[in-house]
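Comments concern the structure below.
Going by the order they are written in, the chains are A, B, C and D; count residues from 1 in each one.
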Amino acid sequence: MDAFVALYLFMLAGIAGYVLIANVPSILHTPLLSGSNFIHGVVLAGAMVALGHAEGALQISIGFIGVMAATANCVGGYVVTDRMLAMFETSAKRNQRRLEEEQRLLAERNNPGSVDADVADADADGNESEQDSSNNKHDDGSRAS
Amino acid sequence: MDAFVALYLFMLAGIAGYVLIANVPSILHTPLLSGSNFIHGVVLAGAMVALGHAEGALQISIGFIGVMAATANCVGGYVVTDRMLAMFETSAKRNQRRLEEEQRLLAERNNPGSVDADVADADADGNESEQDSSNNKHDDGSRAS
Amino acid sequence: MINSSSFFIDLAYFFSAALFIYGLRRMSSPISARTGIWIAATGMLLAVAASFSHPNITGNHWLILIAMLIGGALSFVHAKRVDISDMPQMIALYNGLGGGAAATIAAVELLRAAEHGASERILGVVGALIGCIAFSGSLLAFAKLSGFIKYGNWFSNRQTAYVAMMALVLMLGFILAFSNTAHPVLLLMFFALSLLFGFIMTSPIAAADMPVLISLYNAAAGLAVAFEGYVLGNPAMMVAGTLVCAAGALLTRLMARAVNRRLSEILYSGFGIAHSTSEDSVHYGHVNEVDAFDAAVTMAFAERVVIVPGYGMAVAQAQHKVQELTQLLEERGVDVQFAIHPVAGRMPGHMNVLLAEAGVAYEKIHDLSEINNEMSKIDVALVIGANDIVNLSARTDEKSPLHGMPILNVDEAGSVIVLKRGDGQGYAGLDNPLLRHEKTRVGLGDAKRSVQDMISAIKSLD
Amino acid sequence: MINSSSFFIDLAYFFSAALFIYGLRRMSSPISARTGIWIAATGMLLAVAASFSHPNITGNHWLILIAMLIGGALSFVHAKRVDISDMPQMIALYNGLGGGAAATIAAVELLRAAEHGASERILGVVGALIGCIAFSGSLLAFAKLSGFIKYGNWFSNRQTAYVAMMALVLMLGFILAFSNTAHPVLLLMFFALSLLFGFIMTSPIAAADMPVLISLYNAAAGLAVAFEGYVLGNPAMMVAGTLVCAAGALLTRLMARAVNRRLSEILYSGFGIAHSTSEDSVHYGHVNEVDAFDAAVTMAFAERVVIVPGYGMAVAQAQHKVQELTQLLEERGVDVQFAIHPVAGRMPGHMNVLLAEAGVAYEKIHDLSEINNEMSKIDVALVIGANDIVNLSARTDEKSPLHGMPILNVDEAGSVIVLKRGDGQGYAGLDNPLLRHEKTRVGLGDAKRSVQDMISAIKSLD
């Protein structure tokens, strides 16, 4: 590969990585560390090639160790990250459910038995709850941090 | 250039452009439009090469028009953007000055003639005003939007 | 790939690409915006300077210089001279020229088809199409915004013809891309049709939707530049072009959202069509007029005044007079603030720019949510050439196209004075119940004139 | 450049790079984090699957499969089994292996030096150095955090020796990079010294600064992968590696800032050195003890209770008991909330993860600023194995290394109960005036035990 093109890739990917992480809430630091650790497990693709064209005992045994280590990085990295994030998700999901429930109750209290609420009202309500839930999502983020 | 490498460049630069603009306050939409319009003025670099290896009247005249148009994009885009941003800057600067002035007055009122304020106090003050001014900067952003 | 540029040129291109990115980042925050454009300009200088010694420039050096001088001088003078409130059309013009320049590169390179591989010819052709559309579309937008050409949908209701044309363009493009000899005539037809498409796209669009459209063309021009960058093997063009394309696409969405429109709405229909159904609910009532002297007195003896500028202030170029009025009032101890609606005027930040130009202090300018909380404590709201952004029907009339847009609640202030020329309506073409509100009095006449009269009246009070 | 891969492999690599970026983006928001890792995993599968048919794999197919099976199975079992509160060391381990894998690629390719150009050999050597440091440094971190190796700064005060070593490494690297024949012995020396450097970097660092250091090694491993990607002409590795490097670098800074430390401080000095001067201000006073029954009664008859978990809760693995206690209290009508300090525990989000694991509802968990506003309305604050985050000296003692860090103001609550084992201090090794505060009573003993006793006590109340 042309060295200058590589330079562009390095620069652009670096910018992407930096900008994507900016503003991440601190509760996600550890999962993100673990997740990006998993991503560099793509070294496996390279380790496979290295072993695949290795010749002689020395090269082959080094390559073998490399593929083993890289696979461990991939698999272990994935499992750890997923386990960690699973826990966040459960609590986030639970939270989400509770909020929806609350909103439903609220809506019921506001229009008791209102099957014939006029269109405008229903529309306005719809808008509101939409906004609300997006607010809540936001809240999650900031609360988490 | 290898087509796949080009694909990487397109993807990565696209991501960078998109992410960098996210969260821009609406007051900056127009200057930013103008500024990015200036940036694609780099087409001049290409137009120069096109004219530079053009052969025959047809190619040369097309190339000539291209260089002219590209230069106009560059120069005009720059001047317009700069004029626009200059106005923002004046008002932002003025605002900044006023805030600094206010803080100075406030500080004076709080410790009248306090040359011998103890270290801790001075330190705390310093911190506070630092925070304040960063808050204000933030304010600028959100007020502007 | 015909490029064989040297190490230093590659290096310069690399740095200029990096500088463009960094400049764009700085431009997206109000504090650092101006250094952002300087940084981008440094990148530009670097790229252009490096290109002078590009190995592929085998001749025509003088022509290059002359073309640059002519183009540069004309645009410099024009850009320096033109009034700052004509910005949208200036951006449209320069953007169109950039798209056009990309198209000329494609033309030259397609005439040298033998020197390029298939992938380069394909992107070259696509870039040419996009560049041509950006060029003709932007130039028509420029002409319309400058008033050279009146509104008119020249090309309406010919869908079949369009489809046939598009098919022809695609066919021509296909031939150009996949044959490795030059076809000057086909090329000409391809360009002509592509240019026509740009005109067709712009023609039905009302002047007021132009900023969004211009932003779209900006993204398109960026993409064209990126593709021609690939043709020439110039990664700086590829990176900068893609950057602009992505940023422009997002910006287009943000701008459309800010004026409460969908991009598809803008592209496929004039505004008139969208809301013609609610027009029949219009009913004119009684409007209280007020003369400049009464208005001036009301304000001079108020404690807190809010000024709400709109598109009319921009048209009348009244911002300097407004600032003068503000200072006069403040000398009399009146607290004057400005309330800026996010879509006041005809482009985002329009009012901010004008008020900044006139020297109104930054801290007096408040946005919608800030000022709406304070509105009930305000004695007088002075609305200068604004209509939609204070249109009460946005709150009540569900059929109104403005319904759902938050407005500045000037009716909560003690009293309202509206300056306008007559019974003209706003961008949305809607009747405004505010004008017949009991608190409202209307000062008729050009905004600059009216404000000047108020200034004289206040001066005569002492 | 020895790479000659086919179209489909290139395409797969491209998509996997795109998926990595998209996955990382989703991972940086709590809502979408889990889909983020799935997306990244899809990218990984794509890249690995494509590599199987890579034209440069000319043999050893079975060996590749066997190595993958062994490595995959071992790490899968280990990662599934290990306790979730041991995460930092698990991350360290897998990260180290990734860096090591990058180094092995470099080793193989440098042994085939003739097939590579100078630029590839240079980046290969640099990548090897960085990868080795990430490998040995991470593994030592893993060993220390797992308790296999005790704290000990084995390599202190030999600056001259280090400088000499570094010079040697650079020289070796220089030779390896600029000669196009293989030098197995030099290579071995180069690797040995590089590995030694990783040990030296990690060795003086206290267990509690490890998360930051691990993040740094993560960034380093990413860079090593990117560089080896260049050597092999694999753009997916280049993009993913650089991505990780940049994200990891930012993350390192953010994490260091969250625990109120500078990266340079962490790297160049143990924590003990940094604040030993203020140690002399320690003076023990009177501590009120409380037994489990009294504590339980206080809480059972309170209206609002806040639980403040800290590192001690993690050590004692008391989170499930705490959840049980919470439920018991809530059945009695007590309002129980949790207050989480941003740096409670030993890694960001440590407490959140543990409480989530135990099933504490998300909406009961509040952060510092939220809960501090409420603190005066709280009847009882139960501090479980936390010290620094409620250390009153952070507010008053300017010499304290904690000075300036906001703490949870539990002293504003009606009364405070602190659970701890003895007179042990926290991470910062400081005396805590809170323990002698008039409102405070201390329950001695392991946190799990103490909470269990409180649970029994409350049950016996009925």
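Simple rule for what comes next: a contact is a pair of C-beta atoms (placed from the backbone, for glycine too) under 8 Å apart; a residue touches a chain by one contact, two chains touch by 3 or more.
Values in this document were obtained by computation on a predicted structure and should not be read as measured data.
Common neighbours of subunit C and subunit D under the contact definition above: A, B. Taking each chain's centre as the mean of its CA atoms, D is the chain most distant from subunit B. Note on interfaces B-C and B-D: more C-beta pairs are in contact across B-C. Work out the mean CA point of subunit B and of subunit C, and you get 18 Å between them.
Averaging Cα coordinates per chain places subunit A and subunit B 30 Å apart.
In this assembly, the C-alpha centroid of subunit A lies 36 Å from the C-alpha centroid of subunit C.
Contacts with at least two other chains are made by residues 13, 21, 235, 239 of subunit D.
Counting only residues that touch two or more partner chains, subunit A has 1, 5, 8-9, 12-13, 15-16, 20. Pairwise chain contacts in this structure: A-B, A-C, A-D, B-C, B-D.
Subunit A contributes residues 1, 3, 6, 9-10, 13-18, 20-55, 58-60, 62-92, 94-95, 98, 137, 140-141, 143-145 to its touches with subunit D in the complex.
Subunit B contributes residues 1-2, 5, 8-9, 12-13, 15-16, 19-20 to its touches with subunit A in the complex. Taken in their complex, subunit C has these residues touching subunit A: 10-11, 13-14, 17-18, 21, 235, 239, 398, 404. On subunit C, the positions that touch subunit B within their shared complex are 1, 3, 13, 16, 20-21, 23-25, 27-31, 33-34, 36-37, 40-41, 43-44, 47-48, 50-52, 54, 56-61, 63-64, 67-68, 70-72, 74-76, 78-80, 84, 87-88, 90-91, 93-95, 97-98, 100-105, 107-109, 111-112, 119, 184, 211, 214-215, 218, 221-222, 225-226, 228-230, 232-251, 254-255, 258, 342, 347-350, 352-353, 355-357, 359-363, 365-367, 370. Across the complex, subunit D is touched by residues 4-5, 7-8, 11-12, 15, 120, 123, 127 of subunit B.
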